[in-house]
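Labels run A, B, C, D, E and F following the written order; every chain starts at residue 1.
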C-alpha cells in the first residue's frame, strides 16, 4: 500500500524565538525548515509512503541545511533543483494564553523557488509513477511567475493522470498588493484539481458569495456541494475550529465525498505549536484515502492527526499511525502512564 | 503627545531559574534587570514617551550590563549616577500549577542605590521639563536613608510642579525588622503625591482601619474616598485579582477619579510571568491619563496591559499599544491565526 | 526524630528530551539519575532523615556522575558497591495535552545492579541501625537473579528487625517475556514485608481476583483488608487518580491502618513531570509514620507531597516540609505573590 | 570631548551557528544585528561619544528587535526611518583551526535599506551638528539605487562641512553580477571624502595598478601617497594582517597622515570572532583623531582596539578605553590574574 | 561516477558532555548517532555517492531517532533491519589541552546489532549492485556472534564480486575478556578483503611480530608489503600521527598500492573533535579510488579530509569536496576572510 | 589512609558569563558555588578523604543550592551553620587570548559568613578528630570581624593539636579601604600555622622587604627560609607561573621542607578555567603529605593537579588521582586516543 506522493511548493526557513520570549528579548532562535508541502510529506513519509519534494533551493550552506532537514523528516530530496539566492523565511514569536503568536515574514518573492521557472524542472521525469501531487494556494498568491508555474505544473500532472490535491489556503493579505483578481486563478486551478481542502470562508471567496449569520456546518453544507459540482471535485475536506476555554481549543473534521458529509468527533486540547496543524489534517485525509479507509475512519484519523500536530513541536507533523489511532480511542487521555 | 516621564527607584538584577527548575537543580540562571520604576518606564517607552531612570548603579561590568539592558528597553540612562558597590538582586524560582513561585532576595540595604544620597543627584537638572515622576513604596521601606532620600526628592519635585505618581506597594515584611512605624512615612509621602496606586489592603494600612468580611469592591468604595480626600489625591487606581480555576486567573482594574469608580471588564488568562504585572497596570493608567483617554478607556487599557504583562517574559512590560487594544477587543482570543 | 532509612534498588539514568521535542527532533538530552529508591530517599533526606542507597554502580565516569547526583539530593552514597558495566537508563519524551509521554527503556537486565549478587553487599553491616528498608516490585520483575537477591536481602532485614516497606509497582510488561508466575514471588516477598503501597489493581493481581464494575474505593475497601490479613501487614497505602479536565488531574490518597480507611482531600492540579510522583506519596507516608503524625495528617501530607512531586522537575521529590503543608492549607493557590 | 558621530549604512541580521557546528548540524542560531556603521558606532559610543545610525528598517518585530539591539550597544535610534519589508542577513558558520569560517548571505538588494531613497531621509535635519559621518564601500556595491543614495548623502554632508570618513571595503564579488565599472563610483565618492580606510589591494583597485612581488609596506608606501594626493585626502589608515602560526594571527596598523607613515606594534593573538574587527580599527582611528591623540597613539590605540575586537563575541566592538590601553601596555598578557 | 557503497556495522549513540564539562558537572548531553560505517558513509554521501547502512536497530523511539539522524547525513536507511532491544552507546567527556578526553562505553554485546543474525539480513538483496562494502575490525571483537556474522557477510560479498574494504581497528581492550585469539579471526577476514586500513601496530599484531626502535615509516615499509602479499590485498592505507606542540597535532597519510608507498604532505592543526577522524581518511581513500584519482591525489585528498574531520563537530565527516581541496591548497590558512 | 580535613571559610556564588560573552551581551549565567576552602576540600574528597566545610550560609533557597552543590563535590555539609542574609558572589567574564578575564565582586562584608561570630560555631565539636584544618588569607582581609573570628578559630585548633594549613593569598586590594596594617594580622596567624602556601610576593609582604631584579627562584630561596624560621613553619609551598606563548602557560611547583627546596617539572598547557587552580596545587600538597609521598612526589603530584585544575571547568578541582599521575607521566599528551 506504499504510494508515491510528491509536493510542489516552497521550503521555508522557520526562525522561532524560544521560551515564549519576543524577538527583542532573545539572543537565540530555533531554526527549522517547513512549508505546506514539506509538512504534508513529513506526515505521509511517517505513514510509510515514498515522498519527495519538488522545489528549488539555493546551492549554499542554507540550502544544504534545508535539504538535510527534509531528509531527517524522511522526505526524498533528489528531485530538488539547486540554484537561486535564498529561501523564504518567517519569524515566529509564540504567544501565551491571551497573548497571540506573531508571524513576521522575510523576503519571499525573489527566493530561489519563487523565481524558478517551468524549465528549471524536468517535469515529466519528476512526475513519473507519482500517485498524488500536492500543492497549495499560497503558490498562487506570491507572484505572477509562481502562479503561472503552478498552473503549468498542475496541467501537466493532470495530463499524466496524477491525482491532484490542492489546499486552498486563501490568504487575502498575500494578494493585497497585487493588482489582480485572485478568484480567477483559483477557478483556473480548481478545474485541474481532483481533491481539495477548503473552509467555509474559502468556499465563499471562490463562489463570490457571503453567508453571514449561519452556523459553520450550515454554511459548509450549503456551499461545498456547489463548489464540488462546479469544479467536478472528487472530495472536499477541512476542519471546524472553536476555542472552548481560555486554555483549550476544539476541532472537528469534515469530509464531503460522494453526496455525504462525514464529521469526526470534536477533539478538545491545548495547543503547543499550531503552525502546520492544518497540514496534519490534509495528510491524514490523503493517507486514509490512499489506504482505502472508510470515510468515517478517514475523517477521524485526519482530525486526530491534526490534533497531535497541534501538540508537537515544529510545523511538520511527526506522529505515527499508532500515535494517531491512540488519540482517536482515548481522546481525553494524556500524560505518562509509567 | 510624547511626554517626559522619569522614575526614581532601584534597578534590581533578576536571576531566574529557567525551565521550572529550582535553584538546587540548575547550573544556569536567566539574568535581566528590572525594578518598579524600570518596569513602568519600559511600558511608557514602548508607548512612545521619553523616559529616563533616576538611580545609582555601580561603575563596573554589572552596572554596565544593567544600563545596556535598560537602553534595550528604550529607557534613557544618561541620568544614572555611577558609583557604590553593587545592585540589589533577587532569585526567582518559578512555580508550576499548585507549586507557588519563590522569590529570594539578596543583600539590598547597602546597594549603590540604597546608600545613595540626595547630593549624589543633580536633582533640579534631572527634574527639568519632566511631566511625571514615578516612585514606589518600597523605597520607603528599605532604610532610613532611602526614606529620607525619597521624601526629599518628592518634595523638590512637588515644588517644581511635577505630577507625582506613587505606587503604595506596602510590604509588611520589608518593614518588620526596623523599629519604626511605616504608616507615618506613608502619610508624609502621600501629602506630596498627586496620583496613587493602592489596593484595599494598602488603604486599610494607611488609614489604620480593618474592613473584614466585606467584598473587595465594597471595601474599595468605602476606603478610597477617605484616602483621596485626606491626602487631596487626584486619582487612585488598582486591580482586583481572583483565581478562577487551578489554571486561570482573573483581574479587573479600577480607577477612582473625580467622584466616580470606573471598573474595567474582568479578564481571564493563564499566567506566564507575574512579576511586574502590576507595573503594567500603573504604566497603562499613566499613559491613558497623559494621552487624554476617557476614564473608561484608561482603566480598560491599563487592565489589558497588565493582562499582557502576565503573559510576557520578564518583569518589564514590552507590549505595544496595538497589542493591548487587541486584547481589549478580543479578550478570550489567543494563539496563532496563520 | 531523625531516622535512618535505606533503600535497596537500582539507580537509573534518565535521559529526557527537553522542550517537548521528540527524540528525532533533538540534539540534546537532559540527564539525571533516579529510581524508586532514590526518589523515596530524596524526599526523606529533604525531610531531615539520614538516608543511604544500597545498590551497585559501575566504577567509571557514569557511575561517578550518578553518585554525585545522589549526593546532591542529600542521599549518602558510601554504601554503594562499585563494579559491573553500566547503569540502566530510560529515555523520556514528554507529552503535551492529549499527546502522551513516551518512555523507552535501554538495556537493563545486565546492568551493574541487575547482575549484582548477595555476596557483593556486606549486608549485615549495611543494615546496621537501619530503621526502615525500602524496596520495590520492579526488582522482582527484572530477572531471576534480582528476584533472588531481593528476597534474600528482605529476609535478612526481617531477621534483623528492620521495618520493611515494599512498593508493589506491579508492571505486567516487565514479566511478559519470562516464563514464570509473578504472583508467587509477590506472595513470598509480602510475607516478609511490614508496610506496603498498593493500588486496587495490584490487590487484584496479588489475590488473583477481579473486581470489575465497582468504583475504585469499593474495590479498595473490599480487597485491601483481605491482603492485609493474608500477609499480616501493618499498613497499606496508595492513591486514586482521576483526570478532571483536558488539562488537570486529581489525586486522593488513602491509608488503610488498623481497621480503618483514611482518605485525604482530593487535589486538582496540572502535571509538570509525573515520573516519581508515586514515590512522593510513599515517602510522605513513611515520614508521617516515622514522626508519629496522626493517620489523617499522614495521608494528607503524603498526598500533598505527591501533588508537589507532579509539579517539580525530575523523578526525585525535592519539596520541603513547609512547601507540602502549604499545599495542604491552600490547595488551589498558586503563582507568585510578590 | 564628546563628539556627535553618525553612520549611514545598512543594519544586518547576523545568524550564527553556535559551538562550531555547521548549519546542517544545528537546531539553534545566535542572532544579533550589526553592519559596518553599527560596529563603528558601537565602539565610539563605548568611548563616550554621541552616536546615531542613519538607516531604514522595517516596521515589524524584526525591526523592533534590531533597534533594541542597537540601543543596547549605546547607539541612538531616533533617526532610523521605519518601512520596507525586511533587513538583510547573513549566516555565519565559524571555522576551527584549518577549517575556515563560512559566510552565506541572504537576500539583500530588496531590503528596507537597499530600497530606501534620498527622500526617505530628512537629510539636513539628520546631519545637523554632526561632527563625523561614516559610511562604507559596500553601499556602493549593492545596487545602482544604493550607489546614488550614498553619493547624494555624501555630497550633502560635504556641503554642510561634516568630516566624511569612508571605509573602502572593496569586495569584487558584490560587483560581479552588475554591468558597471566599480572604479568610477569609488572615484566619485573619494572626491567627497576627508579620511579613508584602505588596504594596498584597495589602493591598487582604485588606481587601476598592480604591484606584484613587493612587500605589503612597500606597496602601501608607494600607492597611498598617490591616492591621498589624487583625492585630497586628509588621512588614510588600515592594517596589515599575517598568520603567524596555525593558531595565531598578527596585525599591525598604519596611518598615513601629513607626509608620514606611522605603524603600530605588531600584535599576536588568537581569533575568537573576526567579523567587525576592521571596524574596531577604524573606530579607534576616529576616536583617536577626535580626541587629539598623537598619531602614534592613534595607530596604537586603533590597532589594539582591533585586536580586542577579534577576541570579543559579535561584530560590534564593545571594549572600553581602559581595556584597549591595557592591551597596548601588556600585548602578550592574558588570562585571569585573580 | 556516482557509486553505490554500503557499510555493515553498528550504529552507536554518542552522548557528549558539552562545553568541556565532565559527566558529574553536567545536566545536559549532546546526542548524535555514529559508528565507523556511518562515518564512512556520511563522507561518501557528501561526495555524491549512493550510500546505505546495513545494520539492525530497535523498533522504538531511539531507533527512529538514529534513523532520522542517518538520513540527515544523506545515508539511505531502507536496508536497516528493525528489532532487538537497544543500540550501543558511548559517553564522551572532551578533554582540554593536557587533559585527555574520556570515553565510557555502555552495554554493547546485547545490542540490536550485536545480537543480530545472518538470517536477519536479506543479504543477497542488500548486496545487489553494490560497488563497495565497508566493515571494520570492531565487529570481530565484540562477540563470537558478531564475528561469525561479519565473516559470513564478507564471504557472501566476496562471492558476489563486491570490493571489500576493511578497517583493521584492532583494539586489544575489546578482546581482553574473551578467551579467544584475535589474530586468527583477522587472518580469516583479511583473506576475503580487497583493501585495508592498517597502522604499523595493526600490522605487527596481524603478523605477530614486533618492530621496536624503528621509525614509523620504516616499520610500515617493512611490514605492509608482507601483509599485502600474504593476504593478496590490493591496497593498504593509513595515517601517521604526531603531536607537534601542546596545542597542535600533525598527520600524514600513506597509501601502499602496487609496489609503491605514497605519502601525503604533513598537515598541522588543532583538534576540535577527534572521534571519527580516521573514518574521514578511509572514506577519502575510497572516494579517490572510486573516482580514479592518481594515487598522490588520493592520499592528499584523504589526509586533508581527515584533517577537516578533526575540526568539525561529531564523529561523522561532513566536509564537501571543495572544502577538502581547499585545505590541500592552503594547508595553513584558516579563519574568515570576509 | 583516609584523613579528616575541614576548611574554615566562605562559600561564594560564582556567576559566569558563558561562551566568552560579556555581561552586557548575555541573558544567561552559569552558576556554581566555590571558595578557597570548598576548592581544597573538593579535591581532597576526590582523593578519598573525609572532608567538611565550616562556614555559615543563609537559610533560604540560595543556601540550599550552595549546600547541594557542595554535596555533589563530595564535601560533607552537616557542620554548616545556617543563618544570615546572603552569600558573597562574584561575576566572571572569561577572557580570550589577549583579552583578560574580568572578575566583579558583589557585596561580601555583610554576608552570612562575614557577619558570623565565634559563638555561631560549636568549635570544639566541629574540630573533633580533625587531622587538618585549612583556611586562607582572604578571611583576614574582609573585615575586623572575620579577622578576629579566623584568629580565634586558628588558636583553638592549635590548642587541640590540629595541623593548621594556611594559604597566604595576600590581596592588597581587599585591604585598601581599611585603616589597618595587614602585616600584623598575617604575623599573628602565621605563629599558629603549621604549613603555608606562599609566593615570593607574599614572602616580601610578610617580611616587609623587597627583592627586586632577582629571578623568582632566587627570591624564594632567599626569603622562604627566613619566613620558615621566623614562624616555625613545617613546610612552605607554592608555584612559579610563566606565560610561554600567546596561547600557553607554564607552571612549576616548589616545596620547601626540611632544609631543602624541591621543584617539580615545568608543565606547559593552555588554560580553560584558571580560578581555583592554586587550590588544586595546595590540595595536592596536603594529600601528598597526608599519604606520606616523598617530597618529590608531593610537588610533582600537586603541580600536575594544579595543571589539570586549569583545564577543568569551575573553581573546584575534580580530577582523580589517576588523572593526575597520568599527566605527570605524559605531560605533553592530550586529546582522545580512542
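Simple rule for what comes next: a contact is a pair of C-beta atoms (placed from the backbone, for glycine too) under 8 Å apart; a residue touches a chain by one contact, two chains touch by 3 or more.
Owing to the predicted nature of the structure, the values given are computational and were not obtained by experimental measurement.
Undergrad: Hey, what chains does subunit C share as contacts with subunit D?
TA: A, B, E, F
Undergrad: Does B-F or C-F have the larger number of C-beta pairs in contact?
TA: So, comparing the two chain pairs, more contacts are at B-F.
Undergrad: Averaged over CA atoms, how far is the centre of subunit C from the centre of subunit E? Could you give it in whole Å?
TA: 44
Undergrad: Could you give the separation in Å between the centres of subunit A and subunit F, each centre being the mean of its C-alpha atoms?
TA: Spacing between the chain centres: roughly 62 Å.
Undergrad: Among the residues of subunit D, pick out those that touch two or more other chains and give their numbers.
TA: 18, 22, 24-27, 68-69, 72, 247, 271
Undergrad: If we count contacts the way the header does, which residues on subunit E are in touch with subunit D in the complex?
TA: 18, 72, 247-248, 267-272, 307-308, 310-314, 318-319, 323, 326-327, 331-338
Undergrad: Using the touch definition up top, name the residues of subunit B that touch subunit D in the complex.
TA: Result: residues 68-69, 71-74 of subunit B touch subunit D.
Undergrad: What part of subunit E is in contact with subunit C in the complex they form?
TA: 15, 18, 22-24, 26-32, 60-62, 64-65, 68-69, 85-86, 89, 91, 93, 102, 104-107, 110-111
Undergrad: Taking the complex as given, what residues does subunit D use to touch subunit E?
TA: It comes out as residues 19-22, 24-25, 92, 94-101, 103, 243, 245-247, 249, 271, 274-275.
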